[in-house]
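What follows is chain A paired twice: with chain B in the first complex and chain C in the second.
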Partner chain A sequence: MRFVARNLRVRYPVQERWAVDGIDLEIAPGHVTWLTGALGSGTSTLLLALAGLAPRLTGGERSGTVLADNVDVAAISPLSQGIAYLGPSPALQISGIAKTVHDEVAVGPMNLGQPRDTCLAATRDALERLGVGHLADRAPNALSGGETQRVLVAALLATRPAAWLLDEPFSALDHASTVRLQRLLRELAAEGATVVVACDDADTMLDVADRMIVMQQGRIALDGDPRDLLASDAVHAAGAGSTDAAELAREAGMAAPRPIRRADLIDLATRGRTDAG
Partner chain B sequence: MPADVALRMSGVVFRYPSGPAVIDGVDFGVRPGEAVGLFGSNGAGKSTLLRLAMALEHPVAGSIETLGLPTAGRGPEDFAPLAGFLFQQPERQLFAASVRSECSLAPRLAGWGEARTADSVAEVLNDLGLTETAEEHPYDLPLPRRRLVALAAILTADPQLILLDEPTAALDVASRDRVIGVVRDRARRGRAVLAITHDAGFAHEALDRGLLLDQGRVTHDGPVRDVIDDRRLVRPAALAVALALGLPPGNDRRAEVAGALR
Partner chain C sequence: MSLADRAHPFTAGTVTLALVALALVLPTTSGTAALYGVTIVIAIATGAGVGVRRGLLAVLPIWILLFILQGVLGDAPRMTAPWGGTLSQPGLQWALSQGSRLGVIATASLAFASVFDPHRFLQAAIARRWPFGAAFLLVATLDAADRLGAQARQLREAQRTRGVRVTGSIATRARALPALVFPLLLASLTEADDRALALETRGLMIQGPRTAIDPPQDRIVDHVVRWCALVCVVLAIIWRVRS
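Let's look at the complex of A and B:
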């Protein structure tokens, strides 16, 4: 699914400031696009607008257009058109009508009117790919934060969406679950899906994203290859963070090649010692 | 409140109705001035442990003392606002029409006067970088900032015990640094902090001691740098560099490591 935004502006009720303030953007299928920026830069609002949920659910107003495969997203219901949106508060997205995690995951394909066998197969597959099969009989509202996040991704996966719009999907995940979701995002893109992720953690996204978009005050400040962008000071100047190791190197005033990882920094640090000694 | 312990759990067992034991025999204490991390994989029982400490749930066996009082027969209203609890989705715990009035609720509940309340609110808002949003409606703020407001709102009554469930989740770098600063500052002032986190950088910079929870039991209790392990929680760069350079224990704070690299 290809997204095209033209002169897009979005603002919330009673706010004068536009949270998204003039964006022209095309997002192609088959790639992982990473949105980042300082607090209030507009990444969450852009995701909501791409999903057609802002201003429909949030209130406020939109000007300009957002097309998903040439259809205005304001006119469609996301899930039935193959758009999966996961917000930053996953617990709010639990359907409330399913007694078990299994049924929660099955709700999506059933609502799309798919045959029973297809629903069950999709549910089984989704539970397995997210590693939450062991939770199948649990009550959806009694899960931990990380479990809820994984179950909701599974529930979206069961509808086999063409586009994924994910707002901080790693926020409550432990290390093992993070690695699993990173792999899943790459697989989805390889299968041809459009994947857009708002994430503040460069260490998590650097090896996952094909494209990095840094937003600043509702506009696109930078747009390019994550490794190229993180190799300059521009990302920092635009208010976004780099990898943990790169930030540490910056604090130390080191002339370190960026984007660097922990191992690179250890290498530099210990080599520096040896040379000096 | 006795000064020697802010929270104590002894032989605590908990299960949700008709389920297996989520907490299966837990013993630990948190002293004033300690900033303690609660680590473990998704579903290990971490949030349940915080809910038990706040008397939002009660154990089926064992006992809990929060601020020197048994939680048995008591509810969260008996402990707030002297114990502050930041939920995992704190944006749902906001009620007032402005950030300032939201942050004034807890001190008023504690019986503080106007001037003392105003001073405390101003200080906490400043610490968390929220001063300029004081008159805004919390629900008009972006979600990460709303989470900061929820944290501010539990800190203004100067709680003796601070319970935090993923306080840095979904925060940007600058806000995260503010939270780290606030946690360290509160611990230095003798408050007890118990924080659930998957954020190794936060753990490393803000917390002293770590408890590892696995299948409802505490399997490790020690300095936070010993509990952080790449299989569970990726070591932050500063800790990894400190270990690689052989810096002595205690020299693993970020600023010190950056200094050593210079």
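Let's look at the complex of A and C:
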């Protein structure tokens, strides 16, 4: 699913300032796009606008256009159009109609009216891919924050969406779950899905993102390859957080090192071992 | 698993509604008293006995009040009470009749509430192609009540750690009330927006047919019980109209 935003502006009720202010953007399928910026920079609002939820549900106003595969998102229900949105407070996205985690994950396919066998197969597959099969019989309201986050990603996965809009999806996850979700996002992108993630954790997103967009006061300040951008001081200047190594280097008065992805590190280590052998 | 748990959700609902309707329609004291007995038997037999105890606790103060106002202070003719003194005969009959009606309504409703499974009900409603909005409203309201209760408990603990005294005399509790109620109201209002977002993102607002993942079995015995309940109500109405 290709997103195209043209001169997009979004403002919340009773706010004079535009939270998103004149954005022109194209997001292609098959890639993981990372949105970041300082608090209040507009990343969450941009995600809501891409999902067609702002200002329809948040109130306020929008000007400009957002098209998802040439359809204006303002008029559509995201899930029925294949757009999965995960907000920053997963506990509030629990449906409230499911008795167990299994049923919670099945809510999406159920609402889409898919055949029962398809619903059940999609639910099983999603539980397995997120590693939450052992929670299937638990009550959705009795989960920890991290478990809820994983279950909700599984619930969205069960609907087999074409586009993923995720707001801070790693916020409550432990290391193992973070790695699993990172891998899933890469797999989804490889399968042709459009993945857009708003996240403050540069170290986590470095391993996942193909493209980095830094926002500042509702506008796009930087847009490019994450490794190129994180190697410069521009990200810091735009008010966004960088990798731990870059932040440490800056504190020590040194230039930010070029960041290395986990996959590249593993590749380097493997090659080193082979050379030594 | 009790009978009530095995029954189709619509069956329990129909029987409850029928008992309430019969309590309101049956004209005689003996009829309402017998119905109360039947309600108790049904509740216990189907595994919803907790409703009997709760119903009794709910109506007991009203029974005492009815007994005093109608039985003790009621009109003539009066009859001798077992402990001496006299009681109003028509007042006692009226108290028994109204007390039984209330007993049936309270017992049937509370027994139903004790076995009602909103999620099974939702699945049954989806399987029957009932309007999803109405069924969802019921289930979500019950869920919201649960969540509000949990939130209130968390808030009470939070306020307690801040030094608010939330236990003790009625006056102490009353003083703590604003510190508990206002944050709860504010949180509920804020949460309403987030919940709307959740409904939209989980596809709960989508129009069109839905799939019942785990529809409850609607057996022949369920059909028979529902039809019997309906026939009983119709017969009682006819009896009432003719008598």
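Just so it is clear, the second predicted complex is superposed on the first by the 257 of 277 C-alpha atoms of A that agree within 3 Å, B and C clash if a C-alpha of one lies under 4 Å from a C-alpha of the other, contacts with A are read in each partner's own complex, and residues count from 1 in each chain.
Throughout what follows, contacts are C-beta pairs under 8 Å (C-beta built on N, C-alpha and C of every residue); 3 or more make two chains touch, one makes a residue touch a chain.
This one's a predicted model, so the numbers in the text were calculated from it and none came from an experiment.
Check chain A with both chain B and chain C modelled on it and let me know: fit or clash.
Clash: chain B and chain C overlap once superposed on chain A.
Could you look at A:Ala98 and tell me whether it touches chain B, chain C, both or neither (first, second, both, neither)?
In the superposition, A:Ala98 contacts chain C only.
State whether A:Ala155 touches chain B only (first), chain C only (second), both chains, or neither.
In the superposition, A:Ala155 touches chain C alone.
When the two structures are overlaid on chain A, which partner does A:Leu265 contact: first (chain B), second (chain C), both, or neither?
The first partner, chain B, only.
When the two structures are overlaid on chain A, which partner does A:Leu120 contact: first (chain B), second (chain C), both, or neither?
Second partner only, chain C.
Tell me which partner touches more residues of chain A in the superposed arrangement, chain B or chain C.
B
After lining up the shared chain so the two structures overlap, which partner does A:Gly145 touch, if you call chain B first and chain C second: first, second, both or neither?
In the superposition, A:Gly145 touches chain B alone.
Output check: A:Gly108 vs chain B and chain C. Expected answer is one of first, second, both, neither. What do you get?
Touch status of A:Gly108: second partner only.
Which of the two partners, first being chain B and second being chain C, lies in contact with A:Gln217: first, second, both, or neither?
neither
Which holds for A:Gly253: it touches chain B only (first), chain C only (second), both, or neither?
In the superposed model, A:Gly253 contacts chain B only, not chain C.
Looking at A:Ala51, would you say it contacts chain B, chain C, both, or neither? Reply first, second, both or neither.
So A:Ala51 only meets chain C here.
Could you point to the stretch of chain B, among 19-27, 73-81, 127-135 or 235-243, that collides with chain C in the superposition?
The answer is stretch 73-81.
Quick check on the output: what are the common chain A residues between the chain B footprint and the chain C footprint?
Overlap of chain B and chain C footprints on chain A: residues 89, 92.
Per the contact definition, I'd like the list of chain C residues that touch chain A in the complex.
Within the complex, chain C contacts chain A at residues 117-119, 122, 126, 136, 139-140, 143-144, 146-147, 150, 191, 193-198, 200-206, 208-214.
Touching chain B in the complex: which residues of chain A?
Residues 12-15, 19, 37-40, 44, 88-89, 91-92, 135, 142-147, 150, 168, 171-177, 200, 203, 239-241, 243-245, 247-249, 251-254, 262, 265-266, 269-270, 272-273.
Once bound in the complex, which stretches of chain A touch chain C?
Interface residues on chain A, with respect to chain C: 51, 53, 57-58, 77-80, 84-87, 89, 92-99, 103, 106-116, 119-120, 123, 141, 155, 159.
Quick check on the complex: what are the chain B residues that touch chain A?
Residues 16, 19, 40-44, 46-47, 88-89, 91-92, 137, 140, 142-145, 165-166, 169-175, 198, 201, 230-238, 240-241, 244-245, 254-255, 257-259, 261-262.
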